[in-house]
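So that you can tell them apart, the chains are marked A, B, C, D, E and F in the order they are listed, and the count of residues begins at 1 in each.
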């Protein structure tokens, strides 16, 4: 074990005097924590709650249904990140849409989809844009590129979501409020710390911007614990090498030019005021839902499955406490989204902690 | 709510992940292939099967099968994949023993079709007395396959000491054909061309090794054997004659073709002598054994219609000549590519 | 969420701002990365890359400072 | 005069008629395959090859190859098709002898690509000391293939008396890995994802039978062998552990992965333990032979990087456990399908 | 041998007293004659000349080039009879176009192409309509069906040719005029005998409408010889069971509604006045050449190959007398069209009479 | 030119004249054939079919008559 990690663990042992629950918001952190086995190294009393920060897990069923529908339209190619392929909608996932005749292309970047649209002018190229504030600037850039190049066959199915409204929603619930948050490092690299400063003050809850390596995570946790033990509740930055207080202005400007907030259903949680982003009116011509007059989807379809994702994502139960975990819900046949993504809390537990 | 077609449920169709080497692939192998073929020696997951083998020379062959439609009267791509390889082994006078099965599946293939094809394959192997001992499954993206492609490779044991090859053919030899021509090819082509057969024409696909074994066991010094597949009789015999450096003379009237097969060929402008079979073979052997061989062949169901269709002579004006219905002799040339339906 | 990986800019192809491209080395592997959101980045800089786009330039000052701050916190609160 | 693209000349690309069984196919076989592989025993046109075979049990295997791109740093679909089957034979401790080659070609394939792939295949067979003894060619319509699919089946002779199988694995056994992981899979995936490797990463595709033979010839009672292919180390070891009904415990720090491979995996969100190799194998054998086996393996170029990565124990909480970099033990689960690049 | 055939051959032997050259116009007859070996049974002095009656062989290179061009256009499917696939244009044949990325579908009937257009409304379906008067009614019917069904994506590349103008052209040449003609049975089943009556009178040349079986052919030849020996020159019908004097009125009407004659280059022969059919003005919207603004092609490209098809098709030389026959010109690598089609005189000789 | 094959009409599906379809038996093989150009043809008739369309109905009268004519020609001119 690295000396730095050993030392941080030692510090944590000394720092914790009372039970604390710290939520890592970000699914990438959940994944790292589970694969490193970090929880087993934490002092007793210090508990991690795995938050709703996996954009795959929280993408509403109706949006997946729209993606499936679009992929099946003749002449349309739906481009998606690999993460979304196995997430169940109400009528199957994108892999089954593909097997059933849909055109689904895996892409690593929306900019690739723009290039594809340029080389296939007779194909309608729809990019399925999921992700938090980290990912949204690339979508904005893709739309700007496509418009500049005059690619009339490029459009976006916009599923972007915003983190701060979700934290607000969590803190407004009656149960399951964590004592502190690890704020998502890569989101903050774009947005900066302002929203979190506001939330920390309003809910009197410490927040520490945190990265993804073992030392980063431990430092973030330690900086939370220090505040909790000291009765402080401010924003601190444990990932300062990449996150400036003001974030990335250029990225923020691109996002603001293209998107505006809207209320959005988060899968497993429910309607979160201001929790999503839609294209601004000026970009309506590149909004796939409008261009293809997609059906509105059937909200709530996933709740029928019995999946307890809502309670897992709010930290009310651990994945292993869900009665379906590992039996009728596995990565091969997931009942809910958190079992699909490598980042989903249930999948992370399944892969690394079944023992 | 949506007007577009919606996909079938996940579990009904082949998906890319079925070829990924993980749990989904193992489940496919267990539920479809092992349930059809039984557990191969050495367990599911061994890289290779380890087999006992009797003494003798080893015959080895391979063929890939790409037929459309996948299922047709008289069989499927599954039974065809067994018969094709069993027959290629039989044509060296080998006793077929073990087959491998390599599947290339197209994303979107209905699992029930795959299951039927695998069952067909298993039944054909059982009937032919061979074992499918190891296999492989790959999945390719939709639009990069055609439902199912199957490769089979086979090994058999050669217990006789004959040199069965065109180079053994001698002037004076008789050319025997095991039955009527063109059923398999016309069954397939008719399905595509919208033709129907009154009394249910079926593919002739069948294993030929027992018929061959009957002849060889009787001690008949067979010179050459060849199953009549792609390119039909014309291609098969042209190859033998060309390799042997001799001329084969056929008599058109002695070549059996069913009337309905002939009519379907007429309709599409095809030559029945160039249409593929999957259950017919040619045997070239010394004339003095012709009668005995014919009787032995006729004693097997698959070759009940055996007949003598020609003779081998010293090299004449062309490797393959045929005396037609008006008594005039003409050249038969190896087909160039494949036969296409034509209108003139 | 948001798999993002640090790498070092090897070269930059200056074109239209929307299409500013750099070759970035991620520990022995290189890839073209869009630099539209880090207009200030130059070859030799470290950037963090997500979905083919650079999100942020490594601030070595801050990196060192963070480390110092950390140490302070640790030292200040150790006795507790 | 025409603004539209015009087709290449006839002779440059595969056409449907190349699979028709006629003269065009024979010319393709002669000009491409025979010129690469040499004349198989029994001549071009025999249905099966008839081969002499030394005494022993027979190992038999098959694999189909569907890789894109067809050519990549370190090899091509042709060399891969040889190595894959040679390695599956090697994993039963067999001496690989003969291969079959079944080609499914897509209409429109440039003939020069086919020729290069065939030459590659021939060179790989020569280098591995195996013979390609029989083959088959089918042509499918454009849009029903992906350039070239190759099936190889192979036979080898098993001269040892060992039962090399998961069922022979025992608690206390050592798990040896012949080299670093993930080169083949990341070479392929990087080509598709637009990644380049500074010092020219190449596929690890290579024949493993000589490395295996060195260990077996030394009299080491090998319990199980497995090449690390689809699904990577995780899938391969999960299968062994599950079949054996035991637990394998790995140490993450002892598993070699090149830094650039690790970086490429990080960039695409892939787990290097689930990435395919084509020139690495696992050997499970009694701990007391670990040192000797390691030395023998390191003496062969293909397994110069051999190391011990774990041990077998009685069945514990899961078949496959790994102690991570922070010293915490975690479960490794068999991958479900295939790994996809991901962004979160 | 059938008794009827034996008897007809016997009659012919008695009937012929002087050398006669009879041209079978139709390639189907050429094919039958070659495959039966009929020529070897004819009395000495009676010679058969193999005429230009193979629509595949006479289709102009520029039309094949247009078909190739259309097949390579994105969104277009070119439907063709199997016969045309191997006929060389100036830039390869349809098989090489297909291998090079063109969309070429084999069809047995233009009516299938109409059905395909109906089930693929987003695809432009072009039918490559070759053939004589026998085949043209089906093309006419296909156009009528497509118009009635409102299939705007169906069109025709029209290569139809007419027999009587070609016979007229042949008889106007200085050399190679046959003494009598076997008129093509299936063409006459559509057109009737009228044109042939006119030609027989004008050129004082006997014509006998003839079928395709051995007895049909022998009967046709015998009825020619009888006239020649008797100094007659009228039209007689040796295929009366299918050919009425007036032909098929319904088929003629469909043809006349859709087509009108035009001058046309016949491959190997040259420009034949009135030798082809084009779509009437009212059907211009379904004329592929107009719809897709096809290039005009490069007339004369085939002559460059050295192929002597013109002399073969006019009976001036036999195929075996062409210096390329069987050496640089084979069915696998044909120099000229008569080596391609099963009906082409050169291919018929290659397949059956190489000895 | 013009491969055309005789067959016997087994059944007729009367619809729009352009789409008049019959099932035709060609010696054991049947196929759907368009009968738009032989509106008079009924089941039992023989037709000659080319590219999926019936071109002509067999005239048994004429068939017999042809045979008679033939014989006459043959007989009349035999002595020559």
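One rule holds for everything that comes next: a residue touches a chain if its C-beta (ideal position, glycine included) is under 8 Å from a C-beta of that chain, and two chains touch if they have at least 3 such contacts.
Quick caveat, the model's predicted, so the values are computed rather than measured.
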Contacts common to subunit B and subunit D (chain labels): A, E
Steps in the shortest chain-to-chain touch route ending at subunit E and beginning at subunit C: 2
Relative orientation of copies subunit A and subunit E, as a Cα rotation angle in degrees, nearest 5: 180
Comparison of A-B and C-D (more C-beta pairs in contact): A-B
From subunit D, the most remote chain by mean C-alpha position: F
Relative to subunit B, chain with the most remote C-alpha centre: C
Length of the line joining the C-alpha centres of subunit B and subunit C, rounded to whole Å: 62
Inter-chain centre distance, subunit B versus subunit E - centres from mean C-alpha coordinates, in Å: 37
Subunit D and subunit E, separation of their C-alpha mean positions in angstrom: 56
For subunit A paired with subunit F, centre-to-centre distance based on mean C-alpha positions, whole Å: 73
Of all residues in subunit B, the ones touching two or more other chains: 15-17, 23-24, 193, 269, 336-337, 342-344
Multi-partner residues of subunit C (each touching 2 or more other chains): 1-3, 50-51
For subunit A, residues that touch 2 or more chains besides their own: 27-28, 54-55, 81, 108, 131, 135, 332, 343
In contact (per the touch rule at the top): chain pairs: A-B, A-C, A-D, A-E, B-D, B-E, B-F, C-D, D-E, E-F
Residue ranges of subunit D in contact with subunit B within the complex: 15-26, 42-43, 45-53, 55, 57-66, 87-89, 91-92, 94, 98, 100-104, 133-136, 138, 140-141, 143-146, 149, 151, 153-156, 158, 165-167, 225-227, 229-232, 235, 239, 243, 276, 334-339
Subunit D residues within the subunit A interface of the complex: 193, 268-269, 316-318, 321, 324-333, 336-337, 340-344
Complex contacts: residues of subunit C adjacent to subunit A: 1-4, 6, 16, 18-19, 34, 36-39, 48, 50-53, 55-56, 58-60, 62-63, 65-66, 69-70, 73-74, 77-78, 80
Subunit F residues within the subunit B interface of the complex: 1-3, 5, 25-32, 49-51
Subunit B-touching residues of subunit E, taken from the complex the two chains share: 1, 5, 27-28, 34-38, 40-41, 54-56, 81-83, 85-86, 106, 108, 131, 135, 214, 330-332, 341-343, 350-355
